[in-house]
Structures are given as structure tokens and as C-alpha cells.
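Shared between the two complexes below is subunit A, which has subunit B as its partner in the first and subunit C in the second.
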Partner chain A sequence: MAETHYDLVIIGGGPAGLTAGLYAARSRLNVVLMEKIVPGGQVLVTDWIENYPGFSGISGPDLIDKMVEQTKQFNLPIESNEVLSMDLSGAIKTIKLYDRQITAKAVIIATGASPRTPGIGEDRYVGRGLSYCATCDGPFFKEKVVVTVGGGDTAVQESIYLTRFAKKVYLVHRRNALRAAKILQERAFENPKIEMVWDSVISGIDGEAGVEGVRVKNVKTGDERQIPCEGCFIWIGILPNIGFAGAALQLDEQGFIVTDEHMRTSIPGVFAAGDIRNTPLRQISTAVGDGAVAAMAAEHYIENLKS
Partner chain B sequence: MAETHYDLVIIGGGPAGLTAGLYAARSRLNVVLMEKIVPGGQVLVTDWIENYPGFSGISGPDLIDKMVEQTKQFNLPIESNEVLSMDLSGAIKTIKLYDRQITAKAVIIATGASPRTPGIGEDRYVGRGLSYCATCDGPFFKEKVVVTVGGGDTAVQESIYLTRFAKKVYLVHRRNALRAAKILQERAFENPKIEMVWDSVISGIDGEAGVEGVRVKNVKTGDERQIPCEGCFIWIGILPNIGFAGAALQLDEQGFIVTDEHMRTSIPGVFAAGDIRNTPLRQISTAVGDGAVAAMAAEHYIENLKS
Partner chain C sequence: MAQGITEIDDMGFETEVLKSDKPVLIDFWAPWCGPCRAIAPILEEIAKEYGDKIKIVKCNVDENPVSPGKYGVRAIPTLIVFNKGDISDQIVGMVAKAKLVESIKKVIG
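Coming up: the complex of A and B.
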């Protein structure tokens, strides 16, 4: 029978959760990490990583394997289970899992975030020309043609960023004006590598082994055409994976958990780390930093409960 | 002839500076990293690291080698040079080096911090039983005897932390009362594994291959004795490596650079990352997160200068 009371429960097995688990287990806390599917989070669908310090190049699954193996040195229990609901209000936090109920003195939420997807069969192209992160994948598209999708600050900023690498960027937006800040719009319009594709949505992706073209449909005329390209970046929103806990915690406008620099949320004893929090940057390198800080802050919190 | 004007100058080649350099070079900024001695910072004197995510165990020099090699993929110039002074006030920052003067639109300061040392010939024991970081090295002392030195919050907190691993902790303090918060004092006094050594300083370390004993001198009686032990942790302060730049920037009480969550300092265009800033935790994992955030923030800052 698995335990039912813990010092610390970590929810989510991406880099933030695994790092929090590494630190907590190494500090000999009575800790468990709950992961709904398999450890890895967004990293698991990342084909190739070259900007996590220490690895000149590594696949997402390989990096996660190494992180998981490392936590085993310190006997971090990683359990496949789903958090159905939580009561975080009291000094003892109650967590309802798929098969039982557990309690904890402290909780670290590291459930990550997911890009909003257009739902046009794009899944098979992730890591094969389709990306949701220019900082991560832009440099893979040197002298290539890419199609980008969106009209907000992120879409426009990242499209400009991509012109450092790509020879041509088609920015597809479903209206005839951008939502992004004026200054970003001006820069996009002045950039000779960016061509706007107004009043349009992407209706499909073509290619066998990877992206070879993006189909674009004009929402006013109904006309559809294919833009031949090697890459497609989509920024139509990013969604926090927060269903079960959101209601009780202070969130920002986009629904991400608000924390201070110690990763403390608005509820004592509840911490958040990685993509799920209102962080200025969503990278593996920032997630591991968050995870370490959250674990140490949770430790100090638990230590203070004793007195 | 080396260049004299850059988009971005990064000062310091530890994990924070190297990560900032990785991100900036990968984004094709005109960037240079200035390192006074050789890249690595504090990590270089770290014998064995087991809590940087992705590496179950790696020596400090090996990890730094990997990080440096990774920046070379993106042609980050790393220059051995010393910053003598800086003028950060204007839109163009001026940096006086040992052999020339350069200018930059933005500067990231990642010069790190150094533990205050007692100056009793302890250098040769670093990584051989002597440590300045319990979070880093505590788990290496399972069922061992350790001597700790200091009387402030850090010394007392970390001594308590060490009792999770060590079988006995002698806490040496030069007065007959601790400076640490009352609650920490109470916990230390209640802890059966901690024995206070009052009115004493460490006067020497003994051992051939590593720490075998710590010599302790009573400052009132002048008596000296040896405590046999396998480890020695010293917390008599941590000093920011900030001589050349401190005057102009907002610092905290201990002299560390104050930043916001984007690593922005009190001067526009000047960023700080890693141990040099007022961070809640000084670890490799937090330094790399800081470095990535600082590089992206510097990029956005430079991008905005264009309009």
C-alpha cells in the first residue's frame, strides 16, 4: 500500500518537477512526484535541444531519461497517477488522486503549459518542422522559408526574431490588422523578410517526413493555396495545465499561477515552478532553476511548521 | 584587432555568463563574453556535482568544458580580459579593459560571488572535505562527523540541514551567543546531533588527502584542540565579485545587485545574472535560468533601442 501522508507532493514530471524532486529527495524529505502520463512534459515532444547548458545537442526524451535516472540516485518516488482535485486551504493539503487520497504539508505545482493548437492534423509534424517556440527552434531554420501564425505580441515578436535565421517569413493572421503592440507591428511591416498573409488561417500542413508546405485559407474569399516552406511556427496562445487547482490560487490574466521569487503562491505551503507560473521565459534552463528554488522554499516552509 | 563596439557584453564566465552567452550568440547578437581568468567561476573548484539536472554526477571542470564547447557551436567569442572600470550611465555603455576600451548597447554582469575564507590554509581542502555549501555537498557526508563555522542565519540553518546526513555536527562560533534568528537557535540547541563550540575560531585543518581534523582555538583561554572529522563547512559570509561596477548600481544590504524578475538592474541596459544578484538560491540550476532570462531581456532591450 502506497503512503498517504507526505512532507511534500510535487505535481508534474517535466524539468521543473523533476528538479524539485531531485532537490527534495536529496534533502531526504518524505516526498513523492505525481505524473499523469510519463515524466517529461513538453520536453518529451522536443526533437532536438541545443540550448540547455551542458548538452551541445540532445533529444528531449534522452534528456528526460537522464533527469529521471538522476532522481533515482536519491530514491525519489515517481508515481503515475492523476490529481483529480485538491484542497489547499488548510495547513494540511488534501490531494484526491485517481485511486486514493493523500495529504501533504506542502505542494509544488509544476504541471506546465501547452500551446493552443489549430487542430488541423499538426501533431505529426511537431519536431519535424512545426514548432511553438522560436527561441528553442529558430536557429534550425537558417536560410529557410517559414510560415508563422498569429497576430498578438508573441506571434509578431517571434516572427521578427525568426528573420535572423529564415530567409523569408510568411505571417498568417485571421484578421486584416494585428493585435500586437504598435511598435512591434511597425517593425514587422518594415522588415523586408516578413510578408503578411491577411484574413487567413492555416487549413493544413503538407509533407511526408516533415513540413514541406502550409495550406492557407482566406476566410473572406474561401480561397485556399499552399505556401511551400520548411517550417511552421504557431502562436495562437499558450494554456496553463491547471484545471484541478486554478480556482483557489491567484492567477494572472492568462491563467498562470502568480508566484514571488521564492516560487511561493498566494496560498502558504503551495509553490509553483516552471511553465505553469507567470514566468518571464519558458525554457528548460529556467524550469530547472524554478524547481530548485521551489524545493528549497518548500523545505524551509516545512521546517518552520515544526516550531 | 578585436572589435570595439558590441550589442552586448557579458562579464563573467560561470554558468550564468556562459548561458547568457549561449542564448545571445544563438540569437546572432554581436556579443562577447569577458572572463578575467578562465571560464567556470565557482564551479571550477567544485569537485563533484550531482544536483545539476541532466548529470547524475560530473566534476565541475568537466561540466564547464561542456558548457564552453556548447557556446562554440554558436561562435560565442570568449575573451580573457579584465574589466577595470565601466561607465554604465548613458545609452552606450563604456567598458575599460586591461588593454583597450570597448562600448556596448547592453551589459550583463555575471561575475559571481565568493565565500569569505578564514585564511588558515584551507584552500587545498576545497572539494576534499571543505565546503561552503551544504545544499551542494551535505549529502556527501552521510554518517560522518563535520565541523561547521559561523553564527549567522546561514551557518545555523545549514548546520541543522547537515544533521540530515552527518551523525555529528560541531558548530564553532567565535562568541558565546549566536547571531542567527531566535527560532533557528532554538532548533540548533534542541538538535541532539549539534554540539556548540563557543568562543572559538578554527585555527587550522589537518589531513593528507582530505580533511581528517579541524583545529579549534578558544579565543578566551587561547587553548587549542583538534576535533577529528571528515568534513568542514564554513559560513562566515559571502562576498559579491563586484568591485568595478558596484558604485553605480542599486545593491542590497550585502552588496549584491538588485534585479527584477527579468534580471534588469536599476540602470537601463544593465542586467545581472547568477550569484552576483540578490537571488534566493545560489546553484548552477538557478544560474543557468538567470542567464537565459538576462540574455532574452537584453535582446528585447536592444531591439527596442532600434525604434
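Coming up: the complex of A and C.
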């Protein structure tokens, strides 16, 4: 029978949650990490990582395998379960899971973020040419034309990745300059398969059974045109996976959890780490830092409860 | 190969999936797909727990383009539940075990 009371419950198994779990397990806290699907989060859909120190280059799934392996060394329990609701207000936090209810003295929320969707009636094309994951779906577009949307690191890096398969990548961006790291911009501009579509937004997707074309609108001239293509990949930012926790916690304007430098939220005993919080940078390297700080802060909080 | 999960190819699709006596859960996957690799343990658990009532099969889309093409699969993992040759449910992307179990329960009664 699974336990029902813990010192610390960590929700979310991306880099922030796994790092918090690593530190908590080494502190010998009675801890559990709850992961809805499988550990990894957004890293699982990241093709190649070359800005995580210690690895000159590593695939997302390989990095996650190593992180999970490392937590096993210290016996961190990782449970596949979904949090349905939480009552965080009291000294003892109650968490309703898919199959049981548990309590905890402290909670670290590390549920991350998900791709923002454009809201142009795109849902029916998901898995039928529309994708948010180049490493999952890129190889379906060998020698095909694809349209990508966005201007940040993810959009540019994944567009470059797609040129391994696609014969042509149109990168649509709403401004006339990219936000992505300069080194990624240089690679994109040098890549003969990538054509920039500046000052433009995606205004619709056309096709019967699947994507046959993407409509783009120039925000300066108002002109709309269709780019015939078979694939469309969208990376226009992220939204916090806040669902079950939102109502009780102080959030910023975009819906991310407000924390102080100790990862403390507006509720005592509740901490947030990684992409879910109002951080100026969302990287694996910042998420693991958050996770470590949150675990130590949670440990101090639990110790103070005793005294 | 894990216990209870059969790898099938385009040649065997009709016999193994469409003409199967039991309902079938098919996982379209490929070796380069991180999320496919990540959900593999979930499918293994399901095979252990429900393998007597539903057949679990995997189809490598790199080696077998015909079957995924027929069902418009352009993203993986795509999981399809077949019952008597008809699609009962189709799930694109990573999925929690609980949700997959709900899909299966619709056809295993």
C-alpha cells in the first residue's frame, strides 16, 4: 500500500522537479515525486541541448535518462500519478491524486509549461501535419515544405533541425528581427533551406484531411497569403501548467507563480521551481538551480515546523 | 521485446490488427522519437495488466510507411485502439497511463 503522508511532495518530473527530488532524497526527507506521464517534461521533446554545462551536446531524452538515473542512486520515489486538486491553505497540505489522497508538510510545484497555441482553429490538425515537436514529427516531412512560427530559441533551433528532413522551411515571425540567441540566428540565416517571413503571423490553416497550407498575414500591410505546405510547427511561447494550483496562489500577469529568491510562494510551505514560476529565463540550467533552492528552502521550512 | 507486446509490420497489419479477435492497441513509434521511448514503460505495464483482454502491438513507422499513411499518422507517438477493425480511439502524443486505460476500457467491457 502506497504511503499517505509525506514531508515533501514534488509535483512534476522535469529538470526542476528531478533536481528538487535529488536534493530532498539526499537530505533523507520522506519525499515523493508525482509525475503525470513520464519524467522529462519539455526536455523530452528537445532534440539537441548544447547550453547545459558539462555536456558539449546531448539529446533531451538522454539527458533526462541521466537525471532520473541519478535520482535512483539516492532512492527518490517517482510515482506516475496525476494531481487532481490540492488544499494548500493549512499547515498540512492535502493533495488529491488520481487514485488516492495524500498529505504533506511542504509542496514543491514544478509542473512546467506547455506550448502556447495560436487559437486559429488549429486543433483538428494536431497530429495531421500540425506539431509542436520537431523531434517527434520532423522525419514525416522528408522532402516536404513546412512552415514554422516563432522567433525565440526554440523556434529557430527546431527550424534548423527540420531542415534535415524538409526541402524548405518558411520561418514566420511577427517582427523583423529574431529574439533567439545570436549563434542560432547565424545558423538560421546561413541555412539555404530556411526562408524568413518577417512581420507576419499565422492566420489560419487550410486542408481537408491534414495540413495543405498555412495562411500568413503581414502585420504591417495587412496582406494575407497562403503558403502551400504539408507541415506546420508552432513555437510562439509557453503557458504555465497551473491548472489545479492556480486559484490559491499569487500569480503574475501571465499566470506564472510568483516566488521570492527562496522559491517561496504566497502560501507558507508551498514552493515553486522551474518554468512554472515568474523567472526571467526558462532554461534547463535555471530550472535545476530553482529545484535545488526550492528543496533546501522546503527542508528548512519542515525543520522549523518541528521546533 | 517486452512481454505481451508484438512488433508488427505493414504485411501483418491486416491479420494482426484489423482481423484480430481481441481489441488492439497499436503504438506507432520510431527509434528517433523521445516521447515514444518515454511512454514505452507505460505500454509494458498495460500489456501486463490488460494483456489477456487487449492485444498490444507496436509499428515502427520508419520501416512501415503504409499503415501509418493509411490512418493519416503524421505525428508520433500515435496510439490507436481498434475494435473489430474499426477505430475506437486515437491519441496523439504523450499520454498518462490513466487516460490510456480509460480508452481501453471502452472496448474491453
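We adopt the following convention: the second predicted complex is superposed on the first by the 187 of 307 C-alpha atoms of A that agree within 3 Å, B and C clash if a C-alpha of one lies under 4 Å from a C-alpha of the other, contacts with A are read in each partner's own complex, and residues count from 1 in each chain.
Here, contacts are C-beta pairs under 8 Å (C-beta built on N, C-alpha and C of every residue); 3 or more make two chains touch, one makes a residue touch a chain.
All values reported here derive from a predicted model rather than from experimental measurement.
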For this session: Classify the contacts of A:Ser59 with the two partner chains as first (subunit B alone), second (subunit C alone), both, or neither.
Result: second
Exercise. Which holds for A:Arg128: it touches subunit B only (first), subunit C only (second), both, or neither?
Worked result: second
Exercise. Touching A:Val293 in the superposition: subunit B (first), subunit C (second), both, neither?
Worked result: first
For this session: Considering only the touch criterion stated at the top, classify A:Val38 as touching first (subunit B), second (subunit C), both, or neither.
Result: second
For this session: Figure out whether A:Ala209 sits in contact with subunit B (first) or subunit C (second), or with both, or with neither.
Result: second
For this session: For A:Pro139, select first, second, both or neither according to whether it touches subunit B, subunit C, the two together, or no partner.
Result: both
Problem set entry | Which partner reaches more residues of subunit A (counting touched residues only), subunit B or subunit C | B
Exercise. For A:Lys168, is the partner it touches subunit B (first), subunit C (second), both, or none of the two (neither)?
Worked result: neither
Problem set entry | Touched partner set for A:Ser80, first subunit B, second subunit C, both or neither | second
For this session: Would you mind listing the overlap between the subunit B footprint and the subunit C footprint on subunit A?
Result: 135, 139
Exercise. In the complex of these two chains, what residues of subunit B are touching subunit A?
Worked result: 15, 18-19, 22-23, 26-28, 50-56, 63, 66-67, 69-70, 73-74, 135, 138-139, 160-161, 164-165, 183, 186-187, 261-262, 279-281, 283, 285-293, 296-297, 303-304, 306-307
Exercise. Which residues, counting only subunit A, touch subunit C once they are in their complex?
Worked result: 36-40, 44-46, 59-61, 64, 80, 82, 98, 126-129, 131, 133, 135-137, 139-140, 209-210, 230-231
Seminar exercise, completed: subunit C contacts subunit A in the complex at 30, 32-39, 41-42, 61-62, 72-78, 90, 92-98
